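Each of the next two complexes has chain A plus one other chain: chain B in the first, chain C in the second.
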Partner chain A sequence: MSLKDKVAVIGVGCCKFGENWTQSQEDMLVEAAYDAYGDARIEPSQIQAAWVGIQYASTGMAGIGLADPLKLYGIPVTRCENFCASGMDAFRNAVFSVAAGVYDIVMAAGVEKLMDAGSRGLPGTGGGHPFIGGVSAPGMFAMAANRYMDKYGITKETMGKVAVKNHYNGAVNPKAHFQREVDLETVVNAPMIASPLGRFDCCAMTDGAAVAIICRADMANKFRDDPVYVKGLGLSVYTGQPNYDPNFDYLGFSSTQHASSEAYKQAGVSNPRKEISFAEVHDCFTITEILNYEDLGFCNKGEGGKFIEEGISSIEGELPVNPSGGLKSFGHPIGATGVRMIYELTKQLQGRADGRQVKNPELGLAHNLGGPGSVACVAILGW
Partner chain B sequence: MVGIRSFGGYIPKTRLARDEIAKAWGSGSMGGEKAVCNHDEDSLTMAVEAGINCIEGIDPKTVDGVYFASTTPPYKEKQSSTLIATVLDLGRETITADFTDSLKAGTTALRAAMDAVKSGSAKNVVVATADARPAEPESMFEQTFGDGAAALLISDQDVIATIEETYSIADEIVGLYRRDSDNYVRQFSTKFDSQFGYSANMVEAVSGLLKKSGAQPGDITRACLYAPDPRSLLGVAKALKLDAKTQLQDPLFLGVGDTGTPLSLMMLVNALEKSRAGDTILVASYGDGSDAMLFKVTDNIETISPRRGIDAYLNSKMPIGNYEKYVRYRNLMQKDKGTPFSSATLLWRERKQNLSLYGVKCGNCGQAQYPMNRVCLKCGKRDKMEELKMARKGKVFTFTLDYLASGPELPVPRTVIDLEEGGRIFLQMTDCDPQSVKIDTQVELTFRKIHEGGGFKNYYWKSRPAMG
Partner chain C sequence: MSLKDKVAVIGVGCCKFGENWTQSQEDMLVEAAYDAYGDARIEPSQIQAAWVGIQYASTGMAGIGLADPLKLYGIPVTRCENFCASGMDAFRNAVFSVAAGVYDIVMAAGVEKLMDAGSRGLPGTGGGHPFIGGVSAPGMFAMAANRYMDKYGITKETMGKVAVKNHYNGAVNPKAHFQREVDLETVVNAPMIASPLGRFDCCAMTDGAAVAIICRADMANKFRDDPVYVKGLGLSVYTGQPNYDPNFDYLGFSSTQHASSEAYKQAGVSNPRKEISFAEVHDCFTITEILNYEDLGFCNKGEGGKFIEEGISSIEGELPVNPSGGLKSFGHPIGATGVRMIYELTKQLQGRADGRQVKNPELGLAHNLGGPGSVACVAILGW
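Showing the complex of A and B:
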């Protein structure tokens, strides 16, 4: 059974991403949700169920993390936590509930308040193992970068071009965290975070919230004449301890490969390079975007470097990737990111991505990756 | 005959030039350098490494005793020898004891091991001794003290040196001491202790030993005499009619320092490394009296397989750049620390995995894997696992240098290691120049302090570049 064309996105909302010192998670959720209500032209009381992606308990616990700020009382509200893919998994659960015929109109939200944690990198989640496991996010992807550089001979410059591209796109996006371009020299010479990844190879710490309102496909035109439809949705989980798996090659993530092939199958996509018009992918680190090109089937194994070098993923390119600015420039409030990608896909497909609009998009792909490559979620939206 | 069956040594790779200490305080330098525990080492981890070296090539299940000797055990209440026995992967029927509170604890432990073997109550006893003594900043001890370890396997089979005679004296004196409330080693009067403690006790014990055994000073091939400093040692040698040039074993002062409890046994290990069958070795320690012992090297010295004693470590070194780093390593200046998570119950369940370093091998597909798990990560079969002792050698599959870690040395190399006999493990790397880490770097595993989460000492393995 395919999900294709059963569910429509009728409204999206997003707050300004950034170091939102003066805003609480409530402020950001209220902004994003009322932006989405307005976009969908519905009243809050029309929401029948909701899911919210939150990674850190300090941002919010349980369903009340969303229900309390929005006063969404009396309906089912569920917190969804699946590492950095929490937001898109919230969207996925919302879509399934509508596709199953249980609800007509539901909300998928994502939020993270990282700056209140006061840590230099992502805050700890507490518990876990005293010493087995434990690598920072930059550390994990840096180990992939070292292996990839050794195998395919790409340089820091190649990775740096991902940052240059995404900052170029984000520079004109009014809701992006960093609305400024960076040059390659700055990226390559930035202080090291986890070798070979420097500061500009890494996405920053960002606060933000995003909301999508979805409904049954057959009623979408009642709300607007340009709804977009869910064509495919896949999620895949692999090990949380890849560093102990003797068969893991660090050259890509099985989770992304499986989630995307599932989504392609549902959407009827057989040649993603040709059929996907543009993509919002999980560029938590520059190397990750290069690995994503390959894992998503945009190019062959080992050709991710060429893909960025040749400008295929630039906004004017054949397959623009991260026209929003991506996690690098738009920001990555963990639980919010997956829903923020749905926001961007919708705006682009509707031709409402001012200043960063890709040409004549028909199918957009969003890809959310969590943990040390442990969980990936891929959504394909289109007309 | 009861004697030494095997030996092992250990000296921390990190060294501090005495000139750096002198520079910090504007005082005179005694010259040379001292070995200093890396920030992730203590007496227990050093004893573990010496112990591992000592039982190299010997089935650990045949070792039935561990005596640990130190004045600086990591716990005031809780035995270190039991943890060492677990890391060495000895059987449960092992007698363990900690000998402490005196610099002669090492030789006393050795004598107790000898008595245990002689009486038949134990067959193979590891005596592992180590110290990392706290020296008061700006004191003479700060320059003289160094850190190190030695281990000896006492047995009545395959001995490389028989224990010919022992002679001990107990002498009450307030020489070196450290009260429960003291941060540093104290000495009431250096001159007094040197004359009426150290020199008097050493001369009395060695003279007594020679008399008891019927040996003459000239019979001694190597004299391993504890020495707080080289000058005091010369005085003792002269009184005992030992020739400083030909008979005295190097007290390691210039390169290592006065390591305290293990020193005389480190010297013994160093002597054994160069000895020939028929050599006579004298050992004497000092601390609230003295233990003196006479060993005779046997033919087995020619056939014992190579192992790491003192020589292997003497030139394997890495300078601590400056005094300030030493201050951090030694916790002399405290930075605010986080409180890492740990759980004594969780670690108790995993002790075989984390301490003895066992993983599993799938009985269905043969995949070696670590940490232990029940459903095979390769073939998915449930509960077909056999325990597998992981190799402590391997090479770097990939790595990163972590610049955001906390700790006195940044960046912290984090390494994914493919182990020699299968399985993969993810470990911090220590004792290295981070910038030299590469894919395929050969490494070995070393047992270290990780943190004090949960309010207790968490020990685990790290990687380090393989020694030659």
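Showing the complex of A and C:
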């Protein structure tokens, strides 16, 4: 049996991402949800069940993290937490419930409040996974960058071009955190975070929320003429301590390889390079986007540098990657990012992505990578 | 469309519950999972996807909280968190994925490590939901007990009989935390925790893990002759701050009412008092079990006291409740409890509950209540 074409996205919403000091987690969820209700032309009372991706408990636990701000009482609301893939995993579980025939119309939401998290503690201070045996995220991905540079001979300039591309795309995205271009010189000369990754190689801390409204495919045309359909959904976990694994070579993530393989199989995609029209991928660091090209099968191992250098992933290229601006420019509110990617895929597929619109897309791919490569989630949407 | 009879439980496992100082979260998950693998007669490699219920991030975040100890790499693993209903919500999402036709054989697990949680902080100290506006769980349920005693005239002795019953049942359960009987005099004279709730009116802190193996109903007989089937699954959220809601009367929980209503509808149950053979319900406090009788439709409003007094819920009664010993005696490792209830329902329905076996059960109901009544989950299993 297949998931393909059983479930449709009929509305999406997103708040303005940024350092939202004047908005609480609840404020952002309300903004994103009412954006999505309006987009789907439904009333809140039509939602039969909901899922929310939140990584840090300090920003709201359990289903009530979504139910309280939206007054979604008397229905099921589940919190999914899967590191940076929390939001897309919430979407995945929401889709399964509709495909199972249990609900007709459901919501998938994602949110993260990182600024001003308050006196109960900044994220991560109260426990949580000891991230990569004490190595920070920049430190972890810096090791990957050094290894990749050594193995395949790319330079800081090649990685920097990912930042330049994503800031170029995000500069015209009214909901992006950083709506401005950067030049390559600025990127490569930026203050060092974890060598060789400078400030512009790293995504920032961002607040935000995003919402998708999902329904049975056979009902979708009641709500709009241009629903998009779920073609495939893959998720895969790998160890939380990859750097303790002697087989881990820092040159790619098996979680992304497995998750995309599952999604491609469901969607019937055999040649992603040709069949995927555009992608939103997890560019938490510039090196990560280059590794993603390879792990997602957009190019062969070691050719990720060429992929960005030749402009294939630029917005006018053959396979635009992160037309929204990506995590680098749109921002990365952890639990929200996966659902924000569903938002972007839907807008692009419907030709509603304004200044950042890619040409005639048929299949869009979204990809989250979480933890030190511990989890990846891939969604494919299309006509 | 209906969920009914699309999905079967083919194996269950559970570690010994208790203050498991010598076992880590990982140790308990391994013990429970291999118990379940053996019960289902499957190899670990046959698991295609998994879900895990964990409430506190300090005991392991994300899908790797389950994947790392079981080496479930290369497949999807999702962490669900929904207060004390985390485990049953993990089971619910696992069931949906199979009913959706996406996977054939999946795992639902639940775990919580509360003893010796370590230097990263005891649960809840690092953030999380400000529980009921600063009121502790015993304080919250004590208000319900006082209100109920005032309204319906029950005594501490009536509530105490819930503890006596559940300890009587659990005394012969080899995996229960407290395998001993208590008499009513001990219960009513126990040290006060939050008036009128004494020490024996409250469940304790317990470590534990439980696992269920789930598959497509049409495959179940390949694995065993006596699989049990999922008949209904309901979940409902209510506000995280019910005591701020002027309509909240402390005499019952609308989350339980809505969740059971959804599950009954799916299972085709119109008269739970007659159709449900036995139940495992959320007796976090003795008063809670009495409120559950009413919220689950086992008796009318105000008749919960009579229900326990008349022995209807005793193991030899017409509708045995908590034959396992319940949270009171089996213990309540938060994320594990919901899956532990699925374990008990399965064992009972298969006639494998040894000294605590109820007579000829056909339909079993499991019920979790989480937060200050903020979420409830109900599962109905049967032949």
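Throughout what follows, the second predicted complex is superposed on the first by the 369 of 383 C-alpha atoms of A that agree within 3 Å, B and C clash if a C-alpha of one lies under 4 Å from a C-alpha of the other, contacts with A are read in each partner's own complex, and residues count from 1 in each chain.
Simple rule for what comes next: a residue touches a chain if its C-beta (ideal position, glycine included) is under 8 Å from a C-beta of that chain, and two chains touch if they have at least 3 such contacts.
Here the structure is a predicted model, which means the values were calculated and not measured.
> May I ask you to decide whether A:Ala194 touches chain B, chain C, both, or neither, giving the answer as first, second, both or neither?
first
> Counting only touches as set out at the top, which of chain B and chain C does A:Tyr238 meet: first, second, both, neither?
Second partner only, chain C.
> By the touch definition at the top of the document, which applies to A:Asp150: first (chain B), second (chain C), both, or neither?
The answer is first: A:Asp150 touches chain B but not chain C.
> In the superposed arrangement, which partner chain does A:Val30 touch: chain B (first), chain C (second), both, or neither?
Once the two structures are laid over each other on A, A:Val30 reaches no partner at all.
> If you tally the residues of chain A touched by each partner, is the higher count for chain B or for chain C?
C
> Using the touch definition from the top, say if A:Ile75 reaches chain B (first), chain C (second), both or neither.
second
> Using the superposition on A, tell me which residues of chain A are in contact with chain B and, in the other complex, with chain C.
The overlap between the chain B and chain C interfaces on chain A comprises residues 120-121, 126-130, 239, 241.
> So in the complex, the part of chain C that touches chain A is made up of which residues?
1-3, 6, 49, 55-65, 67-68, 72-83, 89, 92-93, 95-97, 99-102, 117, 120-121, 123, 125-130, 233-241, 254, 258-259, 262, 266, 370-371, 374-375
> If we count contacts the way the header does, which residues on chain A are in touch with chain B in the complex?
120-121, 126-133, 135-136, 138-139, 142-144, 146-147, 150, 191-197, 239, 241, 243-247, 250
> Which chain B residues qualify as touching chain A in the complex?
340-343, 346-347, 354, 367-371, 377-378, 397-405, 411, 414, 416, 418, 422-426, 439, 450-451, 453-454, 458, 460
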